[in-house]
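Below, subunit A partners subunit B and then partners subunit C, in two separate complexes.
For the complex of A and B:
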């Protein structure tokens, strides 16, 4: 009885993962197809990868995407940390929860609406659409995410830690840099990486606010796919997937290795 | 340099409409061990936070070294605190926790090493410099917190119920260590606790607080032997409190009899409260006792038995004795004139001191 239940549970889990990963694996497999379409596997080739690396235009777009992601995630993290600390320090519960709600609405509201409203804003202000408008909008939609990732860490921190630091002579800036920041650092990293991934795979917002020949990967792949599918996209997707997988695994090994020892903890 | 290190002048602290500290005045002298004692919510921690500078008074002035510090922020005050939850920085090891204050002051590396090592030696943790905080036990964390406070050589160390999280045995041990540490360092300690035994054992001076007001201040023996009112008598140790009235100087009437006592300065026939500590009552036979009581219940407390008895006027008498008596038996209680302490109703501390001075001369 117990045994069959376990088999069922494991089987179900495996099935779920197979279904989730099947499209990616399918896409990866066909990136090596010499047939030139996604109908029938004719033979193994690295032709699509070759073609990809000789396509400078596509490589520049990849680079653009990375640059936008890195800059926007960095700025969003800095602003988000400041925002989270400020929200945390508001003494009146009413105002604090009000600000928090405003923050959360931005996280859950559909990208299409955010994208459209940015487009309206930028046109109204006369900001030309291109690198700068994409960067600004990516920073803007990343900040609320960073705030949400950091707030729990701040809440978890005992307020006497701040008192203690002040008591030992630390000025406000020193309290922040020597006590609060090290404490919330895991949350800051989590916020940064989430902002990074949100920016990397954003399609909707970028689609609205880009222009002037500036493109990010998501928008480019979309327009390529509309023209008819080239297996070059499969090759590119495979590479991105491999890099993401490597990053996740690397993060996993680093975080499990650095876990504090719990033996002989208290008393 | 005057001998007074802290002075409170008409200090009131209120949050919205709740007054936590009501017009408090006191002075703290250099080099002594002070205890702020009272039930939770009496304002003792508020006083500590006012001295440390984490909060500002609603009205009144706080002086450190005869300088009004109302506008001086916490990080510029010559005071260090040991917190109830220790507030050690989890991302730093023992050495760096203790060195935190010195690093802020940009003390030279060699001196930091020496002073941290010395401070850790003071609290018997010299072997633990490189340990993480998560690897330390409760008692050890406590010591790190103390070392972190004293390493900065403050003139005043504030301790906010630092022993309350420890078990009884460790707590007693730490009490001895704290007292010894204070005497070796010669700096002022202000200690907050709700544990009256701790206060009596450690302090040079105790302030008993209730409802935001200092009820009484004095040495442990003063406060124990001459409590000013019912609250203090009840809070410090066990006591028998009965109503009576003063017949004349040195003669009091309660339980329908008159007794010789050593208290003076009352009006004739003034209603008073009479206190006799349970350990000052001596058990004899019913015939020989000054008061006859019936034993209602008996508890074994280890060092002594605690008996709850009632006299014929339904007054309860707690008796501590090493002698065991039978429940429901009639016994006599004996006590000398010195054992009786008389409290005037509604007397303030100033009036109380004045009356005491008047007849002690």
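For the complex of A and C:
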């Protein structure tokens, strides 16, 4: 009885996970298909990868995407650290929770709302749609997530650390750079990393606020996919999967390896 | 360092961000929803929302989102429960989270091949004698792909809720003679309502606002609030109407969050 239940549970889990991964594997497998479509596997080829790497327009788009992600994550992290410190230092609970609510609006808002409202905003401010508007949007929607990642670190920091530094004559900037910043650094890195992935992953907001001349990878994939199946997208996906996998696993192993040092290793 | 100058200085860039990118966009959406295509003040956009065309679209959007949420719960709950009973929870969780890091456009694109008339699903249907079906560009493909994409966001909060249950409650229920099913029904399930509500938020609202999935594989029809907003902003350029639908979406979101939070409390 117990045994059959176990088999059922495991079987169900395996089935769901196979379905979860099937589309990704399907896409990857067909990126090596010489047949030219996602029907019938004719033979192994790297043709689509060659085509991908000789497409300079696409490589420029990849570069654009990376530049936007790196700049926006950096600026969002700086503003986010400032915001977290500012929120943490507000004494009145009422104002603090009001700021937190405002902070979280962009986190819970659907992408279409963010995209549409930013489109109105940029048009009103006379900011032309392109690199700059996309960059501003990415900074804007990444800031709240950085704040959320850093606040718990600030909260768990003992105030006596700051008091001690001040008693020893540290200036406010020194207190921040020598005491607070090192303490919250894991949160800052987590925030930066999340902002980076948010930016790389974003499609909807970028789609709304980008102009004709400027594309990021997600928008390009969308316009390619709307034209139908092209195995170049499969090849591109495979590369993106591989990078995502490497990043996530790398981040996972780094964060689990660090754990025992700070938290005493709970499993 | 309470109340110091540094913290007040730090507030400046952050407050600027709040004013320009949080408050102003919301105000602008609300303001634009009262403008017609020429920029004159009007209530007509909200009037149009009550017309049969828009009522039907909104009803469809809620209906499909509810189906996607319900299917996610039905399929996802057992997954969450079984994962919490396995030895290698960490590994299963990583495997669950990993696909959600992959851009949903690519996952949607994969279904163009899988569900295509010559794709593997149709080949399978031929073999078992059902015969080929048009699986793409209809409501079925929308529900299937949306569920596929959002199901991890139902499984994770439910899993967290199950993990939080004090095991002594389950032992107590068993000691008092409850069967496994009774224990699940009376102890475990009620204690996971919080998780289900969070999952509801995380699946229902994004499904309402999707537009790329409907564009790519649901036959380009306007069946979600998100598609309608995209249509008005980027295709017909009627920002006023798009903004009015956006206001509806924001209100629905606020109501859902308020209602689910009440239950969570």
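A few comments on the model shown:
The rule we apply is simple: the second predicted complex is superposed on the first by the 233 of 267 C-alpha atoms of A that agree within 3 Å, B and C clash if a C-alpha of one lies under 4 Å from a C-alpha of the other, contacts with A are read in each partner's own complex, and residues count from 1 in each chain.
We take it that a residue touches a chain if its C-beta (ideal position, glycine included) is under 8 Å from a C-beta of that chain, and two chains touch if they have at least 3 such contacts.
The structure presented is a predicted model; accordingly, all values stated were derived computationally and were not measured.
In the superposition on chain A, contact of A:177 is made with neither subunit B nor subunit C.
By the document's definition of touching, of the two partners only subunit C reaches A:118; subunit B does not.
When the two structures are aligned on the shared chain, A:226 is found in touch with subunit C, with no touch to subunit B. Taking subunit A as the reference chain, the count of touched residues is higher for C when subunit B and subunit C are set side by side. Touch criterion met: A:164 reaches subunit B, while subunit C stays clear of it. Once both structures are placed on chain A, subunit A residues 166 are touched by subunit B and, in the other complex, by subunit C.
If you check the complex, the residues on subunit A that touch subunit B are 158, 160-161, 163-171, 174, 178-179, 182-183, 260-262, 264-267.
Listing the residues of subunit B that touch subunit A in their complex gives 52-54, 73-76, 79-81, 83-85, 87-91, 100-101, 104-105, 132, 134-135, 137-139, 148, 152.
Residues of subunit C touching subunit A in their complex: 1-8, 10-15, 17-18, 20-26, 28-29, 32, 75, 78-79, 82-83, 85-86, 92, 94-99, 101-114, 116, 118-120, 148, 151-152, 205-206, 208-209, 211-212, 215-216, 225-226, 229-230, 233-234, 239, 242-243, 246, 249-250, 253, 257. Partner subunit C is touched in their complex by these residues of subunit A: 9-10, 12-13, 16-17, 19-24, 26-27, 30, 38-40, 78-79, 81-83, 85-89, 91, 99, 102-103, 105-106, 108-121, 124, 140, 143, 147, 162, 166, 172-173, 175-176, 180, 197, 201, 203-204, 207-208, 218, 221-222, 225-226, 228-229, 233, 237, 240-241, 244-245, 247-248, 252.
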